[in-house]
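After this come two complexes, each holding subunit A, first together with subunit B and then together with subunit C.
Up next is the complex of A and B:
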């Protein structure tokens, strides 16, 4: 701010500078806390990564048996066990996240377009606060509703007895499944996407739309080709935000996904969606009482480190996606 | 961009009959999904209203959880309810001043530019971090010996579970909302307002305190309420850092400090415990608690709406 340089020369110099330094220090403390977050989590995670190498991300063996062995080795005074192959958990995370984000993206895009442009004015006015309300409902409430309604429904009506019998020795098809996880996660993250998308669509300069309408192009085509296309960076930003939320969702998924370290197999056809699993974040919640066992602690922090880095990457992508929008002067 | 934001562009004389098939399909899909969204929302809200009213009894609100197997033995959720209030208050007592401070620095000072951009992305990164990771971070941070006075110590080992620990980490959940909202509010104030204040000899910090922050108060309140909504809805941090012990377990008999250094629970932890997947498995209690939590979130949202609406009617800078 150059314009107040002459003011500073005359008076108030120390007061303003003190305020700037004080507030700057506050910012610095929060940034230092973020750095500490990375350092602490990585430091605790290191033994697990060091023992397994890249095999950490691979498959092989039963991940639940491995986790139990790790937990047990902390209590007995023997050499700690670290062997851990997280692929089933990672696979579950990927399938659930990608599935939910894909469905939520397509529906949120249309719903946001509907809300901003095509809905009757009164409906649009109602929808906006409703979207915000849905986005702020705690995940444990979604989890509760899903466990009591959706999971029994899937278990009793969608999965047949013969399907249940065909996999009985390995896993149980109770309804806690990929399908339930994806559906509930979609409902959870769609409002976040809709809110961001709608903000972006509203920020599209009105003249651009009117120009297209003046050429005789119909409302749908105008909005789809001009409005939606202009707001593209916002779609990336919103999707990234929602993906980060989906990736880190622990509570709801630990209630709904089945809680078994099993990698659902796409070869099973439709049954793939009925198979239980357990994503990374839910694994931390499932074993949070074993934190006192050192090898278990390191393993759980390794899982947290993977989540930490994935969401950090996502926020970098989101930041990069917002830059072109800023250049237009259209800031979401 | 103050001049050109899109309102609905209306062409009433046009009908869909002459449109191409793809356009008609697109429009139809938008309507279908929009109405489906309304239906799903209505279903969720109605479902919880009905179930909540069915299971909520006044005495649930004034009795404490007790271990038991049947519905009549397990008591209510007084302590979790109080826990939610305490934790929400403590977390926002940290997050609001810090968040407003950061927002003021980012919007009014922000020098050097590189550091400001870094700070901005740090806050965004913080907003994207899963709360379960923050919880684990807190579990390392608060088991450090030097921070032992904030939680309980047994046999020289710091347990790291207390209201202080949970509130500190939950404040990181609420912080990004406060920063984003306050900053937006500050940036919406045109620069001539600041210049007018400088012109009568106010310093920058006096301008901020006397002119800018009062003008941005609706945004600050909005941010705080949104942050509070996130804070009271969080479960992972409560389970790991508050202990999830259903009732308050004070560290010692010192009135307030002992309670805050001890473990406890919140409504989210209580719901998780009483869901069919949890150890308690008392769905009717979980429904009642979920209903109360829903009402709190709903109240916060209505508060945000009314603040926004009132601020839109208030001062217009021109």
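Up next is the complex of A and C:
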């Protein structure tokens, strides 16, 4: 709609125009809210970043003791303490997120391909609603199930007494571990990926597949080389969505990750996966009772700002990765 | 004609103080509000010491604190409201029946790391201590009463609620944790142990023989205290209904009628 057109009809707007204006205003409000959110979070986070500089992202010292010192300094009416080195929390977030997304991506890809192309119709009709239901289960339920079943199983059956004794009293191998966190997070995000992937695979033009089949190429090779290749932009979109969910997951991870600001050490071999940690989002949950302490508030907002920035970057990376695939791809 | 507002005579009582006791206080506030609909409460959980300062400065009508009065609390009067206790619990598979405060301290500071170091236990496994995250009131209470002010060791698995402490201990034979009395009942799957020979139960907390008990104090200005708040404190201290609420919320009524 151009401007002249608009002026000619100044007596009244058509229904379409009203809808257009209304929706436009809504979009504007959402954009404004988003900008306000970024500004607010960054403003609240600034004292923590300003005090620590790049050291904020580094290691050194015990992050839990630093957090306790920060919390106490809010009550004592002395100079606030801001010293904070978040590396163990960042490392935990990276390991858990990358681990879960990698496993979920591979399994979701195969499950989606099976569901769309190879499953008999009746099985597809069952799988579809099951996947959508799984994708919508609140994370706290996964957390509870993990605390009651998975964590005790890992603690009592997978971790040996000698492994436990070898790390005590530095940390406790209780079952709440990287392994538990990655497994539960994978189960949580895989249904989202499967649902998105399957939608993308279904959107592949039948003609392209039939063309390949007509040349005598078998079904598996056709689907892998034409179907999956065409749907690549959708895989990127689904992975970005699932990664954002994984990054921000707080409640479930605060229940199963172990709750200590410890950086699991890959040098420990297999035991690495049994070691406890606490990712960024779960740290906000663990210390939210201390929000009344101003330095703690700024520190928690700094953590929130890092998560917000990571999610925003994730969207940008997803967009950039899709660009070269656009020509022959289905657009999500 | 002046329209009479629906909230004629309504009064909001502003208080502040302990955050650990906030859940119990909120239930008491709600129950009192149902009895006296014109009285509302506004409670800021800024910590017991900050609450007392608020009362001294006249910013709040009352405060709730978890420690006895100190000389620095000049100009305020303390009332005992009710009692609170922290139990030490183990898995039922553990044959241990009692610990000393020193043994509990050794376990939670990482000095004792194997059950074979603790006399009375049939286990020879690594001790799996479970505690609260550092922002919890019971963390601070345990730190002061048992650990002598030391920070709990990094091998203590911190969880975000008392219920999760009990769950973790009930699922792990080598587990030990500290939880509020309300979380040690029959269905909890944990076994409380005696501390210095005294069992953790309502009776022993009430007669002050159990080591991990503390009074929860109501704090009022010595001069010019609000009559309405005094009446509320009296109700909390003495009424049968408040006693039942306190019991159910996990604390121990001290002076309430049966």
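Simple rule for what comes next: the second predicted complex is superposed on the first by the 295 of 332 C-alpha atoms of A that agree within 3 Å, B and C clash if a C-alpha of one lies under 4 Å from a C-alpha of the other, contacts with A are read in each partner's own complex, and residues count from 1 in each chain.
Convention: a contact is a pair of C-beta atoms (placed from the backbone, for glycine too) under 8 Å apart; a residue touches a chain by one contact, two chains touch by 3 or more.
Since we're looking at a predicted model, the values are computed, not measured.
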Task = Based on the superposed arrangement around subunit A, label subunit B with subunit C as either clash or fit.
result = clash
Query = What's your read, subunit B or subunit C touching more residues of subunit A?
reply = B
Inquiry  = Let me test your reading of the model: by the given contact rule, A:148 touches which partner, first (subunit B), second (subunit C), both or neither?
reply    = both
Message = Quick one: is A:286 in contact with subunit B, with subunit C, with both, or with neither? Answer first, second, both or neither.
response = second
Inquiry  = Once chain A of both complexes is superposed, is A:276 in touch with subunit B (first), subunit C (second), both, or neither?
reply    = second
Message = Let me test your reading of the model: by the given contact rule, A:44 touches which partner, first (subunit B), second (subunit C), both or neither?
response = first
Request  = Based on the superposed arrangement, let me know which partner A:164 touches: subunit B (first), subunit C (second), both, or neither?
outcome  = second
Ask   = Looking at the overlay, does A:255 come into contact with subunit B only (first), subunit C only (second), both, or neither?
value = both
Selected from 181-189, 199-207 or 217-225: the stretch of subunit C that, after superposition, runs into subunit B = 181-189
Key: Set intersection of subunit A contacts, subunit C complex versus subunit B complex   = 147-148, 254-255, 259, 285, 288
Inquiry  = If we count contacts the way the header does, which residues on subunit A are in touch with subunit B in the complex?
reply    = 1, 3-4, 7, 11-12, 15-16, 19-20, 22-24, 26-27, 30-31, 33-34, 36-37, 40-41, 44, 107, 110-111, 113-119, 121, 123-124, 127, 129-130, 132-134, 136-141, 143-145, 147-149, 187, 190, 194, 201-207, 209-210, 213, 218-224, 227, 240-241, 244, 247-251, 254-255, 259, 281, 284-285, 288, 291, 300-301, 304, 307-308, 311-312, 314-316, 318-319, 329-331
Request  = Would you tell me which residues of subunit A are touching subunit C in their complex?
outcome  = 62, 64-65, 67-68, 71, 75, 147-148, 151-152, 155-156, 161, 164-165, 167-172, 174-176, 254-255, 258-260, 262, 276, 285-290, 292
Key: Touching residues (chain side subunit C, partner subunit A) in the complex   = 19, 45-47, 49-50, 110-111, 113-114, 125-130, 133-136, 151, 153-160, 164, 167-168, 171-173
Message = Touching residues of subunit B toward subunit A in the complex: what are they?
response = 1, 4-9, 11, 14, 18-20, 23-24, 26-27, 29-31, 33-34, 36-38, 40-41, 44, 47-48, 98, 101-102, 104-106, 109, 111, 115, 118-119, 121-134, 136-137, 139-141, 172, 175, 195, 198, 201, 203-206, 208, 226, 229-230, 232-236, 239-240, 268, 271-272, 275-277, 283, 286-287, 290, 293-294, 297-298, 300-301, 304-305
